[in-house]
Amino acid sequence: MQAKSGTAMMLNSYGKRFWDLPVAVPVLSLLLSFLVVAVMAVIFGVSPGTLLGALFEGALKGRFAMASTVKETIPLALASLAVYLPYRAGFFNIGGQGQLQVGAISAMVVVLNVSGPPLMVVTLAVLAAMMAGLLAVVVPLLLKIKRGASEVTTTIMMNFACIQLVNALITGAMKDASAFFGTTLPAPEQYRLPEFTLGVTVHIGIFIALLLVAGTYWLTSRTTFGVRLKAVGSKPSVAEASGIAVKKMIALAVLGGAACAGLAGGIQALGVVYRVAEGWSKGWGFTGIPIAFLAGKNSLAIIPIAFMFAILETGARYMQFMTGVPAALIFVFQGLPVLVFVSLNAWRSSKPNKIER
Amino acid sequence: MHDIISQTGLSKDAAASSCAVEMTGISKSFGDVRALDDIAFSLQAGEVRALVGENGAGKTTLMNILYGIYAADEGVIRLGGREIPHSWSPREAIRAGIGMIHQHFALISNHTVLENIVMPLLKWREISPSWKSHAKRVSEICREYHFQIDLQSRVEDLSMGERQQVEIVKALYQGAKVLILDEPTSVLTPQQTEALFRFLLILKKRGHSVVLVTHKLDETMQISDRITVLRGGKLIGTIEREQANPQIIARMMIERDWIARLKVAPLPDSAAVVLKVRNLSLNNEQGIRVLDDLSFHVRAGEIVGVAGVAGNGQVELSDALVGLRRVQQGAVEIEGINSTRHTVLQRRKAGLVFIPEDRHHRGVVLDMDIAENIVLNTISEKPYSRYGVLRSQVITDCAEEAISAYSIKTPGCRVPVGNLSGGNQQKIVMARALLREPRIIIACQPTRGLDFGATEYVRKKLLECAQRGIGILLISSDLDEILELSHRILVMFSGKIVSDLPVDRVNLDQLGLLMAGHGRNNQLD
Amino acid sequence: MSEGWLAPFLLATLRAATPLIFCALSVVLAERAGVIHIGVEGVMLAGALAGLLGVVFWGDAYVGILFSLLVGLILGLLLALITVYLPSDQVVTGIVFNIFSLGVTSFIFRLAAEKNAAVQALIPVMPGSVFGLSPFMVLALVLTVFMWWFMFRTGPGLKIRSMGEDAHAAHAAGINVVITRMLILTAAAALSALGGAALTIGWVRSFTDNITLGRGFIALAAAYCGRWNPLLATAACILFGAGEALAFRAQAAGEGLNPHYFLMIPYLLTLLVVAVAGKGRAPADVGRPYVRR
Amino acid sequence: MRKRHFSFIALLLVLGLFTVMVLGCPAPADDAVAEPDPVEPDPVRVGAIYSIPDPARGGGWDRAQYAGLKTLETEFGWELSIAEAVEFPKLAETAAEFAERGFDIVIFTSSAHVDAWKEVAPQYPDTWFLLMSVTETLPESDNVAAWVPDMYVYGTMVGALAAMASETGTIGAIGGMPIPALKLMYSGIIEGAKAINPDSEVLVDWVGDWVDVPKHSEVTRLQIERGADVIFAVTGPGTKGVLDGAEAGNALVIGYAADWYDDAPGAILTSVLVDTPPMYRELAEAFNAGTLTKGINQLTAVNFTLADFRGKLPDAEAQIKETIAKIQRGEIQIPRVMHELE
């Protein structure tokens, strides 16, 4: 009886109605969000066409804009891996932002204090960034594994603790005395990530990001690690009975993810911003959460989705100064589509709860 | 066959006025599965009704609809002749005098017994309930029906039997006139079952109606006035107890005759010991001793049955043997090698495999496909992977083979296991366990929740394994199963082995007493 | 320090704690009913803006509070529809809602500023304020005790807690989980909004973009630190408020640690409590969307 | 498997949709290029960069600059684009984007922008990069100029004003962060106050950020507890907290750079204005005439004026205005002394 339903379900997902296509929900949520933003634009006295046109022009038109967008994609992709990987093991890592911050500051500590051949120092800095990200998740991880404490609570707490720690460092011990804001000294020229031009000029972090996303895809879909991870993520008790070291798998995925977040921070510090300062991070760690969630089961989807978010991020500036709308409007752009997406998805995948009298 | 089945469920001669419950034309679908199809069910005041059928027949679904947990897609429910409103919920069912006790108790384990009992009665506007008078009235009910529960203790500290009593008191306190019990005896000893049935008869005398959802035919015959049989979501019929016997009911349930008992082949004396357990003791997380100095062995080709009421250490025993829990004392030897400190993986490589008690808890990952589930244990070994990289073709071939060997009903091997029926899921668990010829199988409740066909299949498979020389430890609370399959029977009570006898020396009455903790078998070796 | 030091310090502590208390209570309420309330920051921000706009456009502190409550109710209903009715993931929804709220409040504030320059000016001191403490403070303490009594001593409180422990058991006991959770989340959001109003109407009398600056998350920490008990959560809020007041002072005195180290305290303390208390008495069913089977 | 790839392709489709939208949308910049006005030449395009949101109503300096920038639009018909709320690490990128998109002049409005200014200006020699705040050095290229207010002199005027208005002799000076420009200004305040009242004390506190309104309010209240009755603050959006704290403690606030009266009529004594339109006119005329040259243009005491007292301190108003005028004319000499302010 139920086997029959399985077949039916499979047929359904290949059905012909638009509503059943996987593309339906993302497209609808984007269109709905654009509609809302268009209304807001009209209220503000700007033509919606101009507004959206400026958004995409600012993100995609010209090599400079394109380069900014691509560079913005890198930390977003890495930060979403930091959510994606642990989530596969059933661990909801909300601490990406904190891990990213401590990763960045660690990379800066290395490049500001170690001298040597650039390749060595940069490698060391990147490793330090990963290490720091990893350390930032150790407490929530241990609390989860040893005490069963909800990681949602603990990673949020770690997030803010890490952010305050970094703020303390950049306004205190590591502050650039001549700077107007809390900031570290800039990374020495020779210890920055090398750039190259392939159509647009970007730093080599793009390879790291692409490699890690592709690697994650390969790891989760083609290796025994992936199968075991899936078992741990969807049913740890079964995995345990199958002889899989559940806690070890969770730890590996979580530490790997956190290392990605740290790496995102390190790469951004050494490849784009060259320093860690107040407000230097634009919440990539938080944005990684909806990206990972939107990517669903396919980690390769992280790249286009992160690119989409990067478009919003970089296009926002041009949109703002060309049309005069408040810069904060972009937060609506970032929040609303995901809000609509999760709602539509929930609506479609399971019928909503019936309201009883 | 139809001559002995009077369709009383639909008969007009049942006086409508005395009808406590009348359900007509009830249909319900889950997704594309039609769980109930045009069911009619009526219940008189003061009767005990057995609702029987195989797993998946729709018994619980029908009762859940009556109780308002599910909403029916079609059909009408009348209570005392009045149609229920379209929006029917447990709250309204409770108010209308229907109480339901689920197989998995619906108790808030962090709240006290009294809070659990009183809560359904509380109205939202009742800011400050008078707990004292509630406690007094609940105590009265307890006294009246000879229940002994401390009203102030937390539910999480109670045994399963006590929790069931709490559920019953809760239903009565709500003024239930119709009491629905879903598989009430699955967690009880035979003696507790007796007590429950006596209590149900008292209820009946006082004019309550009872619906007993069960698949145990003996119980059905013992207590019910009438018996309603469902099969595959359809109503087969309702018969009076006097006209029924187990054969008739079984035929209605499964559409074929009562299956002849399987018989285990005798064990050669020369068989070597494959699993030896010495003085095994285990404390749980709360520091309570749940396994107490267990010693036994299993020989090659031998099936050793472990009987006992659920919750007497069986789960802990299997976990300890498989390597899921660390023991405090004692040793586990697999083919003469001390494996006490070995991991699950090491033990499996030594030839010990596990058929878990709860398919969904320990058996299959519902989100993963059939192929992945079948090779889950051996995924890291050749030929399924090389250097950590999966070999998809090999895995698919292996899964296809298992699908045909175990006749698993599925459109393909890449279908999520969650889409399969329980029986097919259990076959996957079996296929996985037997993928590499094991030396020992720890089989826990291998047929629980399966229908007749699947049960028969699993039991046959276990016998085959024994014939091939595999030692099997069969842990089951189904006495029939144990008696049917085992060479030797151990009885567990309260973490101890209280009896160890060859099957031909077992006395059924004594077994029941031992399971309930009465007496100790002096022939224990 | 001089002898006049203690009273101003306590006042500063209470000022800082008041908005936190409302938000922490809202988290306790929502999560006791089984819904994770990470959106508290966003609702608080919206409530802060709504309160200010209410005062500016209708000229009365109490109208402002009512308007703030109304906005809280609407946003709560929105969150409830998404996370309880549909239902989708509570954590993701909450986080994304916070981002969304930051955008919308900034946008509306700008629009309002273009319409009426008065939204940039300080609004009047709330009537009934004494020693720089608004009536919000009293309300917060009263609400704390009320909430504790309501949660642990009344019938409805028992029912609400049962939903947080086991939604399906609560349903079987006749509680309409979906509706009740929606109502509770809506009420909780109204409380969060009140926390925002306590910040703008009761304290700084003005609004800027992102004025809450993570105070909603501190309230979240306080709720967890207080193990979902209103009394303890409020105590945690006062403790965190004292930390904040101390941070101002240490800085103004030009000595001591970098204030950012003080700001780490709430989070580290919460982690410590989680570590020591383990699973403790956390609502068992929190965060799991309830789907009627 | 197939399903996964399918959803991936679906996402690519969405991206494609975006691209189509981009190409389909009329780009405002393109229009400007495509249809040049045959009579008038292209208007000069100016991009200004702010670190705060809503500069028209933001912090003092930003607000003052905004008023000046507007003259470029209203009096010279230039095209003005304002990038607001640009985070610190995005400053250089934003300036570069203006240059890349063909803007003629890029204006930095804060002394915090100096690093970005120095980084970007040499990369785009055809664009003018102007800084409208404190700096001592210029970038290493010819396309730069700065209009630098003498913050010390500004400080002395504030200090003198505060000392005259204060009854307790204690003056509160609050800054967002201890940046060099503010240390310079606050040294001026100390000396200015001393010149009027040798016993006066200036409490200098750094809030630690520019935005946290409640924190600013508390720091202000703390200063009032310690005796300050006239407060001056240079900070970002957090200024509202200073106004709130001062009004709650019945202290008076001296507004920075722009007229703050409307923001807190009860608390604002007056504001020491920075008269920006003249300098913007100066730069616009120089640009139009082709005489804009690399260099630092100093803004001195004459550029700083007092706003109306609007009835505050009616008895002292005339005398205060006279004293301030004396400082402006150099009749009261105040020594340049730098104080360590951490």
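Each chain carries a letter (A, B, C and D) given by its place in the written order, and its residues are counted from 1.
The rule is short, and it goes like this: a contact is a pair of C-beta atoms (placed from the backbone, for glycine too) under 8 Å apart; a residue touches a chain by one contact, two chains touch by 3 or more.
Since we're looking at a predicted model, the values are computed, not measured.
K.L.:
A-D versus B-C: which interface comes out with more C-beta contact pairs?
P.N.:
Of the two interfaces, A-D and B-C, more C-beta pairs touch across A-D.
K.L.:
Provide the C-alpha centroid distance between chain C and chain D, rounded to the nearest whole angstrom.
P.N.:
Result: the chain centres lie 34 Å from each other.
K.L.:
Roughly how many whole angstrom separate the Cα centroids of chain B and chain C?
P.N.:
Spacing between the chain centres: roughly 46 Å.
K.L.:
Taking each chain's centre as the mean position of its Cα atoms, how many Å separate chain A from chain C?
P.N.:
Taking the average C-alpha coordinate of chain A and of chain C, the gap between them is 27 Å.
K.L.:
I need the residues of chain A touching at least two other chains; which ones are they?
P.N.:
171, 326, 328, 354, 356
K.L.:
Mind pulling the chain B residues that touch 2 or more other chains?
P.N.:
In chain B, 89 touch at least two other chains.
K.L.:
Among the residues of chain C, which are close enough to touch at least two other chains?
P.N.:
106, 110, 176, 209, 259-260
K.L.:
Touching pairs of chains, all of them, please.
P.N.:
A-B, A-C, A-D, B-C, C-D
K.L.:
Please give the residue numbers of chain B that touch chain A in the complex, ascending.
P.N.:
Per the touch definition, chain B meets chain A at residues 30-33, 56, 71, 85, 87, 89, 232-233, 322-324, 343-345, 348, 354, 356, 360-368, 372, 376-377, 379-380, 384-385, 388-390, 409-411, 415-416, 419-421, 424.
K.L.:
Under the touch definition given earlier, write down the residues of chain C that touch chain A in their complex.
P.N.:
36, 38, 81-82, 84-89, 91-93, 95-107, 110-111, 176, 178-179, 209, 214, 217-218, 220-221, 224, 257-261, 263-264, 266-268, 270-271, 274-275, 278-279, 282, 286-287, 290-292
K.L.:
Given the complex with chain A, which residues does chain D contribute to the contact?
P.N.:
The touching residues are 3-4, 6-8, 10-15, 17-19, 21-22, 25-29, 47, 53-54, 81-90, 93-94, 96-98, 100-101, 110-112, 114-115, 177, 179-181, 208-209.
K.L.:
Which of the residues in chain D come into contact with chain C in the complex?
P.N.:
Against chain C, the touching part of chain D is residues 53-54, 57, 85, 205-208, 211-215, 217-219, 221-223, 225, 237-238, 240-241, 243-244, 247-248, 262-267, 342.
K.L.:
Okay, in this complex, where on chain A does chain B touch?
P.N.:
Going by the criterion above, the answer is residues 1-10, 222-228, 230-231, 234-235, 237-245, 354, 356-357.
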